[in-house]
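Notes for the one structure printed next.
By written order: A, B, C and D. Residues from 1 in each chain.
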Amino acid sequence: MKTYRHDVVVHWGDTDPAGIVFYPNYFEWFDQSTRLFWDSLGLDWDSLAKKYGIVGLPIIEAKARFIAPSMFRDEIVVETHISKWNDKTFEVSHAVLNRGVRAVEGYEIRVWAQKRPDDPGRLKAVPIPEEIKAAFE
Amino acid sequence: MKTYRHDVVVHWGDTDPAGIVFYPNYFEWFDQSTRLFWDSLGLDWDSLAKKYGIVGLPIIEAKARFIAPSMFRDEIVVETHISKWNDKTFEVSHAVLNRGVRAVEGYEIRVWAQKRPDDPGRLKAVPIPEEIKAAFE
Amino acid sequence: MKTYRHDVVVHWGDTDPAGIVFYPNYFEWFDQSTRLFWDSLGLDWDSLAKKYGIVGLPIIEAKARFIAPSMFRDEIVVETHISKWNDKTFEVSHAVLNRGVRAVEGYEIRVWAQKRPDDPGRLKAVPIPEEIKAAFE
Amino acid sequence: MKTYRHDVVVHWGDTDPAGIVFYPNYFEWFDQSTRLFWDSLGLDWDSLAKKYGIVGLPIIEAKARFIAPSMFRDEIVVETHISKWNDKTFEVSHAVLNRGVRAVEGYEIRVWAQKRPDDPGRLKAVPIPEEIKAAFE
């Protein structure tokens, strides 16, 4: 099973008056890591759009548990892997490591979706092709 | 049970190339609404720090389900209430309404914590006073 | 000469470990105020695109002077007006007032531009119609 | 004269519905690059605070000219150098290069300041030591 490592530097503007990372930033880093992971396998959204007619990988759920704070100048790693394949959705899990300690863990659930032929303003979830799942093994 | 309504305007910079809100922003609006809710009851963090020796209301978990996208110029409402009191933590639930439709729903779990007397760099969860819970009824 | 007032609440996530607003946020509030100002006069970018073929109001320059810090919970006002009309560009000035004190002042220069007929990927500045200028008097 | 190069990846969340970087992000990258530059020379703010009694490097002015847009997935470089030393302030200039093209250029003016002995809530600009200036040659 493939894992992606996304290195992130905690900048001054990412932290709050308590001196720690303001929590929505972790979700921004999750989103980045998911995208970089897929790109690293040649599965960028533009290519997927052309080949499968899907529209990005829309998010339908996100969750994080904050175990230990990270601070200005910390160099953290977001470790990302696909933790579950469903028929039309998948769960991508993220763990933030700070000096080897698990600081945050969470996941995103994203959907494999196309525009509805009868109403392009709306999306329709469709089954994820097997070769996509295989690419992450 | 009290509910707080936080009005949010979706600005250009909150949206992404798909024309919809970039999802970490919802957590930022959750955080804002929790703070405004407590402030609106006279329970701002500075007063709580003085009276109870706690340090803000650190977050330990956050989750959201994204049901419908919101777009540039949408005027949305974050409806916030305390959905569960535990001994030392509580869950604050948020629903984002867009033109009356439930667009996002989620929660934060936050902890009632003081600095450890023996190690002020670390926090210790302590029981939430009954009068705090009563203030939200 | 018309002026727009954009009320902004400084939230926890807008501030840094020094307890003051992280400066890029001011530019975000400038951008918001410019948009709200034009919208308030019925000159939203979608209507302008349809009527004049322009593409938003692309920014070509932005500047701010930071005179006094603003802090968590401060309720500030961004006062915005068009400070200069050029042939194909205009300058929109912003002053941030905090409790009546001028805390920040700055401007944006934006361009009135259409897609090039021969190369839609590139923009071409064109003269600003007189009725647009007149709408701000 | 020393120059610092700060590599930045343009992420999905940095871009707007026009598909280009939302401009306040450039100032965030300027701020990051200034900090990383000083850190790279052993002149981090904590050390400077201890040795010289200064409080970070507060910003008093920032400006940018936007020459060409950057897009999702672009890998840009912020090139940073000290462009001017004044007695109590300095100007740090930033150029954003995208595929070798100058996409944005700007500067920040920051002040060498200590807390006032009589009023620690306010700052007082003091002369920049010569050895600080020399460190950037």
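Throughout what follows, a residue touches a chain if its C-beta (ideal position, glycine included) is under 8 Å from a C-beta of that chain, and two chains touch if they have at least 3 such contacts.
Nothing here was measured: the structure is a model prediction, and the numbers come from that model.
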{"item": "Those chains which touch subunit D and also touch subunit B", "value": "A, C"}
{"item": "Between C-D and A-D, the pair with more C-beta contacts", "value": "C-D"}
{"item": "Mean-CA-position distance for subunit D and subunit A (Å)", "value": "30"}
{"item": "Distance from subunit D to subunit C - Cα centre to Cα centre, in angstrom", "value": "23"}
{"item": "Multi-partner residues of subunit C (at least 2 other chains)", "value": "12-13, 18, 22, 24, 28, 31"}
{"item": "Topology of the chain contact graph, where touching chains are joined (line, ring, star, complete, other)", "value": "complete"}
{"item": "Residues of subunit B touching subunit C in the complex", "value": "11-13, 28, 31-32, 35, 39, 44, 73"}
{"item": "Subunit D residues touching subunit C - in the complex, by the definition given at the top", "value": "18, 22-25, 27-28, 31, 55-56, 58-67"}
{"item": "Subunit D-facing residues of subunit B, complex", "value": "12-13, 15-19, 22, 24, 72"}
